[in-house]
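Submitted below is the structure of interest, expressed as structure tokens.
Read from first to last, the chains carry the letters A, B, C and D; within each, the first residue is number 1.
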Amino acid sequence: MSAPAGLDRATERSRDLRLLLAVLLTLLGVALTLVYLIALNAGAAPRLADLAYERLPSTGVQNPVTAVLLNYRAYDTLMELAVLLAALLGIWALGPAPPGFQRSGAVLAAMVSWVVPLLIVTGGYMLWVGGYAPGGAFQAGALLGAAGVIVRLAGDPRAGLPGEAAQRWLLVAGVLVFTLVGLGLMAFGAGFLTYPPTLAKWLILLIEAAATVAIGAALAAAYVGGRPPGPDARPTAEDEDALTPAQTPANPPAPPLDPRP
Amino acid sequence: MSDAALTHPLVLCIALPLLGAMLVTALPRWSVRLGILAAVATAAAAVALAATVWQQGTLHLMLGGWDRQLAIALRADGIATALVLMANLVALGISVYASGYFHDRVRVRSFWPLWLLLWAGLNGLFLAGDLFNLYVMLELLGIAAAALGALTGNRDAVAANLRYLLVGLLGSISYLLGVALLYTAYGTLDLGLLAAGIADSPQLLAVNAAAMTLMVAGLALKAALFPLHFWLPPAHANAPAPVSAALSALVVKAVFYLILRLWLDLFWPITGMAAAMLPALLGAVAIVWGSWRALRAERLKLLAAYSTVAQIGYLFLFLPLLAATPPGPARDDLLAALLLMAVTHGFAKAGFFLAAGLVQTNAGHDRIDDLGGTAQRLPATTFAIALSGSALIGLPPSGSFIGKWLLMQSAIATGQWWWVIVVTTGSLLASAYVFRVLSRAFGLEPTPMRFITDARAEVPALTLALVSVAVLGLASGPVWTLLGLSAAGVGA
Amino acid sequence: MSWDYAALLPGAIVVSSLLPGVFIFLLDEESHVLRTVLNLFGAVAKLVLVGLLIYGVWLGQVFETRIAIAPGLTLVLNADALSVLFVTLSTVLWLVTTVYAIGYLEHSTNRSRFFGFFSLCVSATVGIALSGNLLTFVIFYEVLTLATYPLVAHRGTPEATRGAKIYLAYTLSGGLLLLVGAVWLRTLTGPVDFVEGGMLGDLSPDLHGQLVVIFALLLAGLGVKAALVPLHGWLPQSMVAPAPVSSLLHAVAVVKAGAFGIVRVVYDVYGVTLASQLGLLTVLGVLASFTIVYGSVLALTQDGLKKRLAYSTVSQVSYIALGTSLLGPVATVGGLVHLVHQGIMKITLFFCAGNYAETLGVAKVSQMDGIGRRMPLTTLAFTVGALGMIGLPPIAGFVSKWYLGLGGVEAGQHWVLVILASSTLLNAGYFLPILYRAWFRPLPAEWPNEHHFGTRFETMHALLWPPVITAVFCLLAGLLAAAPFSPLEWARLIAEREYGL
Amino acid sequence: MLIAQFLYGGAGLVLFTLGLWSFLVHEPLLRKIIALNVTGAGVFHVLIAIAYRGDAAPPDPVPHALVLTGIVVAVSATALALMLGARLQDADEEDQTP
């Protein structure tokens, strides 16, 4: 008899706690809203908007959001590509990808063969249009990623991506090109990621193209959910990873993930 | 453009590890060699940065050459430079150690890119002068750290690091809301401009206080300030040794650095005595509680992880003392002491974890009660534990001894004597847990024939530990110089 | 920081054993010769440097090494008369102990570790001796704790681990109290330099309350190492250490560091005048007297030879504190000279105890029947040390007790004579039965664990000669007490300066 | 200040609070991850609201860019969290089967 009674008391207490939490969070919400009201009225508007538009002509692009992303605050974007890559590498570190889904039937396959090229073309368009209208590398990369997801759903275990070696180059393309452009500009005396106005448009397009590829590949690879399957994944004898063959392994390799149904 | 050339190390500290991360990702077969190359290059950039700041004072760079409001600023002042230097030297030591630590091919390939990305995030965080950029850096750190922490792939590690990731995300979102409020009220993200804005707008007290609360609370979660420390011990204790070292010595420290920045630079008009008391009280509890748990820990790495909880507590004790000390030599001393504690702990804790990892590898486990033979077999490693342990306790001659000396001095001088009791209690408990480990090294095991058995692993650990004791404890004057404080006026 | 001879010498004295110590750690276990060379090189080099120092101080030169470890925090090593007294004692006994330790331990386990820490230990001790301010003193005081811990734990047996743990618990807690006291004092005065005659005399009387509390903290911290009752609990426990370590702990390093610290704080920080005015000397005197009697009473009941010696140390070291607590130069001379005399007498006794254990396996008083006939030279040395402890003229201990008694009378504290008399009786009570057994009881049929070292003498050379030499020192210190450069004359010089005579 | 701005941003704050509630109260991993995304979305709403300058003026591009960056970061973190969760689930299933 005592156990259920104790359980009751436990649930009762957790209910009380939830109630308390609800009250506290409501207070927090109200307080935040008031603070937000005060902040809106602080008279900071137009904030950075006017300045951003004023400098727009010398950014190399006409779309102000792209100007912020790839020029004013390009450094943020560079690091954010690094964040995406870090997440993907973290996923890869957890183990090999689960096997894909079974091959799609004829109808789905036919649809995929239409949709995927369409997505890729749309992605390319998005990339180009980003220079002067809403669009850009992220939107384009997201479309490419979506294409990868569809391909994987249709049965390709690699989501349409190449083998591991090539995939790695695709994944690093964004940050690599971005960093090299930045350092190159610095080497020529312009300063890190300081584009000369005449070159800005083309440098940004170059970076965006690389970023689109990297984002698309990273999103698709993340959906695959592990190190890519394929011949590359198998260990090779001539590997140079560990400089010393050394004594006993520090930690045994992680057991492979259970294949999913 | 000699002025521009001066700021190059500022960029290189971030760009080089980033570039290195890309190369090791793309060329996994060369991971170790490229990784070490990138590590050495990055550390060299950090040394160059320190040398430049030493000569020229604070460095500023508006990326993209835009107006201050629009651009993202990088800046290296004394505090940032001291921490960058510490972090990069420690990271170099960790890299050398790691080059021999992982033997499994998959681990090697996973470790190096994530490690270099983490490194880039660390330097980026120390050098950022923009609130939103700091958010991105926090996320880069959080994601890379959680991924690295889960590298062993065992259940405990995955569970602990999943929790770490989620908690970290919550912390960053809270921080980001604070940033959004500040942008709403002041229309800029630049730290310097915001600081000026906040100082000029006492009428926006509610906004300032709310933003500060959101940001500091979110960061306190990531810095594992008691009682928000629950995620740290399992995450740090279950990671591979070089990762534990980086997480405990550097990542947590970086987040604390950001808190300090916000506290001192941005929100100084509202971070008076009243505001400082709460974090300091939590810090005091962290010291006692963390040390106590470290004393009770069964495993060496868990002990080290709890010790980090305690050591973070010490840093928060400085806040009310800073609030109570008017600008002048006494406050400068206090600031330098704070920095010295943080830097010393960085070196010491990294050395401790690396040595602990070696003990674990050799013994096949890290249960403290059964360590006897292993500790005695590896004199250099035991020495590293002893040296870093005495820095954790705050015994002379270590950097933290000077730190604690100045901390207690200030506590007595400002009449806040109760912190002295906290510090002494913490030191006693720390002695107890450190010597609980060291006493295992004095058994009836056979005599080791050599001082060093595995140089690539033992030398980094021993060097880091030695720096925390001999270098920082006997020649901490440069910390004052780097902070731009005049050593002449310093006295009682 | 200037780097001339006078600024380098005190630092060099510390480094002369520190560096060999570091190299010894790095040596392979089997490098017997190199290790021995490093050990002896360090000890001899230090002796030479100290010789130069004494000569320079006698010529009136000022030696001071200053290293700014942080702005406002300076490591100061300098040589005043008091430091010279202690540094000479440690250096001379260090050389003797090194020889003894090589004989005792060079064939056992973990030698690199042992001799490394052994060198660190003496470096810390001379650091304490040469400290020119309280910060430096605190630093070396803590380093001494850390360096001796591995020596106490060295044997690795469960008792050794336990003894070391107790030692550490006491000394680290004491160190923290000392640290708090030192920090507190610094907030009142700025850097606390050791100045002859004290440096707190000019402080406003409002602060006197705080000064009393600070003194209590400092005394608690120093009292642990000086083994003042009730802080003496670690000392008998640490008897598990090897004999050279016990000798070092009791005669030169740890216990002496505590007593030396008390002398420094009373004379060179507070100043006797202020200390007596605040009533601090009375407290110290009562504590010291109680410790003297209490230690001796406990020594009576110990059968373990080293334990008996340990309690005797508890008692004898407090003579130094007693001398410090009496207002007047004569008592000061008595206390200071005992710093040296107790050192050479106690080290003799411990060496002998080590010889008995190593040669015959004898560790208990009850096993010592007839031992004088089996090991005459060792037992002769033991006899000199023991009679000196009792205070028999012309051995060194007599000089100390004479000056202490005289000082008590001079200060008008006649109860000191009672303490000295009862202590002497108790000393005789626990030493004379040993001597009787050793010389007059018949030899046992078999010793517990006898070794023959193949020498003409009763035991190996490295073990035999150190106690004989120190026993000769005991006699000389008593016989030649009035000669220039004798410990007594030097103690007089210090007392004159402290009292500004 | 525009009333629409306040309402939209205020809704963001409500989302933030609700997400926080859900994160703290619910145990299952998936709910926690979704809750975090809701919380983040709340903050993004606030930023989007700040960017609005009425129908006449074009919006402030800076908060828009911040939100874009924030979304990518959130996606990355979510992906990693999900995979960690999946790995954990696998490990638990392995524990149960033998």
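Basically, a residue touches a chain if its C-beta (ideal position, glycine included) is under 8 Å from a C-beta of that chain, and two chains touch if they have at least 3 such contacts.
Just so it is clear, the model here is predicted, and its values are computed rather than measured.
The chains that touch chain B as well as chain D are A. Each chain gets one centre point, the mean of its Cα atoms, and the points for chain B and chain C are 42 Å apart.
Taking each chain's centre as the mean of its C-alpha atoms, chain C lies 69 Å from chain D.
If each chain is reduced to the centroid of its CA atoms, chain A and chain B end up 27 Å from each other. The set of chain D residues that touch two or more partner chains comprises 9, 16, 20, 46, 50, 62, 66, 69, 73, 76-77, 80, 84, 87. Each of residues 132, 136, 139, 143, 146-147, 150, 153-154, 158, 177, 181, 183-184 in chain B touches at least two other chains. The residues of chain A that reach two or more other chains are 32, 36, 40, 45-48, 52, 72-73, 76, 80, 83, 86-87, 90-91, 94-95, 255, listed in rising order.
Because contacts link the chains in a way that matches no line, ring, star or complete pattern, their graph is best described as other.
Across the interface of their complex, chain B is touched by residues 9, 16, 20, 23, 29, 32-33, 36, 39-40, 42-43, 46-47, 50, 62-63, 66, 69-70, 73, 76-77, 80-81, 84-85, 87-88, 91-92, 95 of chain D.
The touching residues of chain D, when paired with chain A in their complex, are 1, 5-6, 9-10, 13-14, 16-17, 20-21, 24-25, 46, 50-51, 53, 57-62, 64-66, 68-69, 71-73, 75-77, 79-80, 83-84, 86-87, 90, 93-94. Note for the complex: chain B touches chain D at residues 132, 135-136, 139, 142-143, 146-147, 150, 153-155, 158-159, 161-162, 165-166, 169-170, 173, 176-177, 180-181, 183-184, 189.
Chain B meets chain A in the complex at residues 1, 4, 8, 11, 15, 18-19, 21-23, 25-33, 61, 63-67, 69-72, 99-110, 113-114, 117-118, 120-121, 124, 132-133, 136-137, 139-140, 143-144, 146-148, 150-154, 158, 177, 181, 183-188, 201, 204, 206-207, 210, 240, 361. Across the complex, chain B is touched by residues 31-32, 34-36, 38-40, 42, 44-48, 51-52, 55, 71-76, 78-80, 82-83, 85-87, 89-95, 168-169, 171-172, 175-176, 179-180, 182-183, 186, 189-195, 227, 235, 239-246, 248-255 of chain A.
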